[in-house]
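Heads up, there are several structures right after this.
Next come two complexes, and both contain subunit A; in the first it sits with subunit B, in the second with subunit C.
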Partner chain A sequence: MIRVILGSVLAGAFIVGLGLIGLAAGGSRSLNAYLTLSGILFAIGMFGFLARRNAISMLMAIELMLNAVNLSIIGFASFDEKLGPSGSVIALLVMAVAAGEATVGLSIILAIYRNKKTPLVDEYDAMSQ
Partner chain B sequence: MAIGPTIPFTAIPWDDALFVLLAGTMLASGLAVVLMRDIIRCGLAMMVCFGSLAGIYVMAGAPVVAAAQVLVYIGAISVLVLFAIMLTQTKLAPARMAFQTQAVPAAIAAVVLLVVVLLAVGSTTWGGGPDRGDTKTTDVATMLFGPFVLPFEVVGVLLLAAVIGGVFLAKRDRSAADRPE
Partner chain C sequence: MIFDVLIPLIIALPLAGFVFTAAVGRRLGPRAHLVPVWAVGIAWAIGMVVAFSSLTGAAPFGNEGHATTLYEWIPSGTFHVDVGFFVDNLTACLLIVVLTIGLLVHIYSIGYMAHDPSPWRFFAYLNLFMVSMLLLVLADNFLVVFVAWELVGLSSYLLIGFWKHKQSAALAAKKAFIVNRVGDVGFALGIMAIFVDTLSLGDGTLNIQQALHALTTEGANLPIPIWVVALLVFAGAMGKSAQFPLHVWLPDAMEGPTPVSALIHAATMVNAGVYLVARTNPIFASAPGSMAVVASIGIFTAILAASIAMTQTDIKRVLAYSTLSQLGYMFASLGVGAFAAAIFHLMTHGFFKGLLFLGSGSVIHAVHEEQDMRRMGGLARRIPHTYRTMLIGSIAIAGIPPLAGFFSKDEILGEAWKNGFQWVWAIGIVVAVMTAFYMFRLIGLTFWGESRVDPAVEPHIHESPAVMTTPLWILAVPSVLLGLVLSLPGPPLGPLLGLQGPGLLAGWLEPVFEHGTELLGRTEAEFQLFGLDGALLGASVAVAVIGVLAAWRLFGVNLWRFRRNPDPERVRTLTARVPFLYRASLNKWWFDDLNHLLFMVIGGRIAAFLWWFDRRVVDDTVNDIATTTVGAGKELRRVQTGRVQNYALGIAVGLIVMAGSFLVLAAR
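Moving on, here comes the complex of A and B:
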């Protein structure tokens, strides 16, 4: 019980501490905060794409990167009134393309899994044999 | 009863508190997506990440995009990913290592990219307005079905092609399945 409470308090402190990055970058009323969050999320996604072994984890990291780009588009659109509605439209189009990409990517992974019986990308070595 | 601009009994504005919570949840769950060992937990953390991102879109004044984020990402893509995880998880060969051998260079590359991006963001003065503006949904609709109608139609064709391609790729090959090994 004590461990559960302590763990939740630690997790909450961790979340608030990470969120203070956004506040330090200017808060919700400055463009820099959105761009900083977007850059951090993109870096997280890039690390995941380069470092994970599981093909589906890599796809999830790609989704994170796409969301980071969307966040920066929305941030720019929100602070430039000439860009406002166009930014939302571009973000919607990016989402549609991301949905198509996820569909095709996951079915490719399923097709490879059916042949190789493993979802780990470092065992996909058919080209090097 | 109207809600004041700050949290009662403190001087903290509501939007800063919300922004800190949403940003922290987004970054923490994004880290969990990348770092956790159990891949199904990664998928669930991804849903949390997308949800808090939808909240950030609302704070940035783009409610249509937030609604589409909830529908498309939490509703569709996360479910797709979770199904793919369940279809490809094997008990026979559990992944001992979640990361490849190149994890350390990948971390260095990610940190370098992060520093470059943060320096670029910090040293540029963007020419936008000083305050954020809310995007009206009617403006988005006028823009989507006016100047952007050709990309809209092209995206429709792209989604059709993606659906057909996905079905074709994931379809079990009958002749190969029936053939004795």
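Moving on, here comes the complex of A and C:
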């Protein structure tokens, strides 16, 4: 119970921190705010992918990184007139690819799980052979 | 044309005999000789028709010879090689020698090999040899000549080592093959040089007649000088004709059956070198320096071999060194520009040396495979046919008129003097004394005097069967008459009888050597019986007689009314007076020992060092590289843990480093 509350507090503080950083970087009228948020999100995703042992969590971390990239694309699109609507199209495309990737990744994880009886990736070393 | 069929048939018949005998000969047992002998017999008949049509200048041959193409062997763009045959008078002369002696040796071998366990193998090889030798003289292309050149080498190897269970025969076969290879390298390079030269003049060709024409008449700048081509071709001739320093294989080749020695190592194959030089005479004539080399090597081999022949005790070895010496004469003759005289001596020598070898085979047969003349003696009454025919052969080779050897040898010596090679003449005269001496030493030791035969063998001495003595008598006929017939109506006897014109053989060969003689710029001088020519003639008869008398004095004689016992005491005192020369001759001037030292001892050391170098340096370097690679791979595979997050960490670190360095670079 304490861990949940502590986690929520930490997460809330984190999000508030993010908002503060965004505002400090120039508010919603600044491209830098979007890019900073995107960079932070990407770093969190990367950390999750490298540090979590559970394969499902890693998959979620990948989604986080993809969305960070999407965010930066949308940011660029709304601040650069030349890109126009094509930025949104690219973002949609990334979402579609991400959905496909998640499907395939999840099914691979399920298949490995059936063999190894564990979701922990540090137990998987079949690629060394 | 009928001749376009007949000429290939000369080769096809022995080839068929070889294939048949090789395939089913084993089952024929003692009748294995039938097919090979008949094949050669029919080939002989056809060959005589072809040869005499050419010599008489009949329809397709004329003066220039007749070429016929069988098929195109190598079609490759502008370069193409035809398997074809070319018959002119030179080829015709060689055909007569090769086919006649070949046939007689085949017949003789029926008797000689009767007690051998596998005569079919012998006859198959003999037929293979006939195929190769005939291809050699008939081919009209250097590449085909080279193939035949190697084939005669192969059949010579097979026949020298025919008694393969004998260590000495196997080694002698190997020696002959390897020493011949040395010369063949030269010949192969010579053929390549000819192609390079003809290519520079337009179309590259290996056709003999076209190449000779192109190389000698254009007078253009050749990329490879003509004297290099001549010496390379001569290197091949030296190997096959056993000229110094490649002479060492021929005496050892006597390990083969005696008919083989007669056919291959006296009458035909060893003449291939003489034939080759005579055939390419315009090349040699364009480079006078190379002619001098040919003459020097020839006359040096002649005196070297003659000096060795004087002390050898093995009857076949004496004859082998005699062959070397006579081949030396032929090369000396080619070298001084007397091409026709060389072919003249080739023909007469082929017949009387073939006779002498077959006779020695009959002697060896009579005394139960004994070859040492010190354990013969007094055989004249026991084997009269062999004795008489061998005596005829010896008189012929010694150069006593009017037998064959006198005419050809005298012509060689006379031409040498008249063409300005007095030193060749001088050495040749010394060799002539030696020749007469060692031949009558051989006759004296073998046939005259007291018998020194093993008492156990003595009662069993028997004359050979008619199948062996008949070829001897047939060969005795040309040994007596061939010189006379071929030299008439020309000198030396023609003018004496009031006849005019050149000799028969000289007339035949004139178109062949016309070009070469033209290049040399020689003009035929009038024959003066009571002048220079008469003096040279007298000299060569005198030295022959001196040699014969010297041999009679030392080794005895028992001829009609001349009787004299051998004088071994005197031989001993004479040899003691020149101990160095005697030991040198007895040890063959240490050439075998020199070769042993150079190639077996020193060459062996070098080979051992190179083997060590290969093992320790080359192999070890390669092995070390392999070991290092394997070790490195073993260490590096630990990086591949198989855990996906390790890989991802690598990607992340790479990304951060890239982004970081971008920031650092962009900040500057």
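Everything that follows uses one rule, which is that the second predicted complex is superposed on the first by the 109 of 129 C-alpha atoms of A that agree within 3 Å, B and C clash if a C-alpha of one lies under 4 Å from a C-alpha of the other, contacts with A are read in each partner's own complex, and residues count from 1 in each chain.
Rule of thumb we're sticking to: a residue touches a chain if its C-beta (ideal position, glycine included) is under 8 Å from a C-beta of that chain, and two chains touch if they have at least 3 such contacts.
For clarity, every value in this text was computed on a predicted model and none was experimentally measured.
By the touch criterion stated above, A:Ser78 is placed in contact with subunit B alone, subunit C being left untouched.
By the touch criterion defined above, A:Leu31 reaches subunit B but does not reach subunit C. By the touch criterion defined above, A:Leu50 lies against subunit B and subunit C together after alignment on the C-alpha atoms of chain A. Once the two complexes are laid over each other on the shared chain, residue contacts for A:Asp125 go to subunit C alone; subunit B is not touched. In the superposition on chain A, the chain among subunit B and subunit C reaching more residues of subunit A is B. Residues common to the contacts of subunit A with subunit B and with subunit C across the two structures: 46, 50, 121-122. Residues 637, 640-645, 647-649, 652 of subunit C are the ones touching subunit A in the complex. Contact residues of subunit A toward subunit B in the complex are 11, 14-23, 25, 27-29, 31-37, 39-48, 50-57, 59-61, 63-64, 67, 70-71, 74-81, 83-89, 91-93, 95-104, 106-111, 113-114, 117-122.
Listed in rising order, the residues of subunit B touching subunit A in the complex are 15-16, 18-28, 30-31, 33-34, 39, 42-43, 46, 49-50, 53, 56-57, 59-62, 64-65, 68-69, 72-73, 76-77, 80-81, 84-85, 87-90, 93, 95, 97-100, 102-103, 105-107, 109-111, 113-114, 117-118, 121-122, 126-129, 131-133, 135-136, 139-140, 142-144, 147-148, 151-152, 155, 158-159, 161-163, 165-167, 169-170, 172.
Remark: subunit A residues 46, 49-50, 58, 121-122, 124-129 touch subunit C in the complex.
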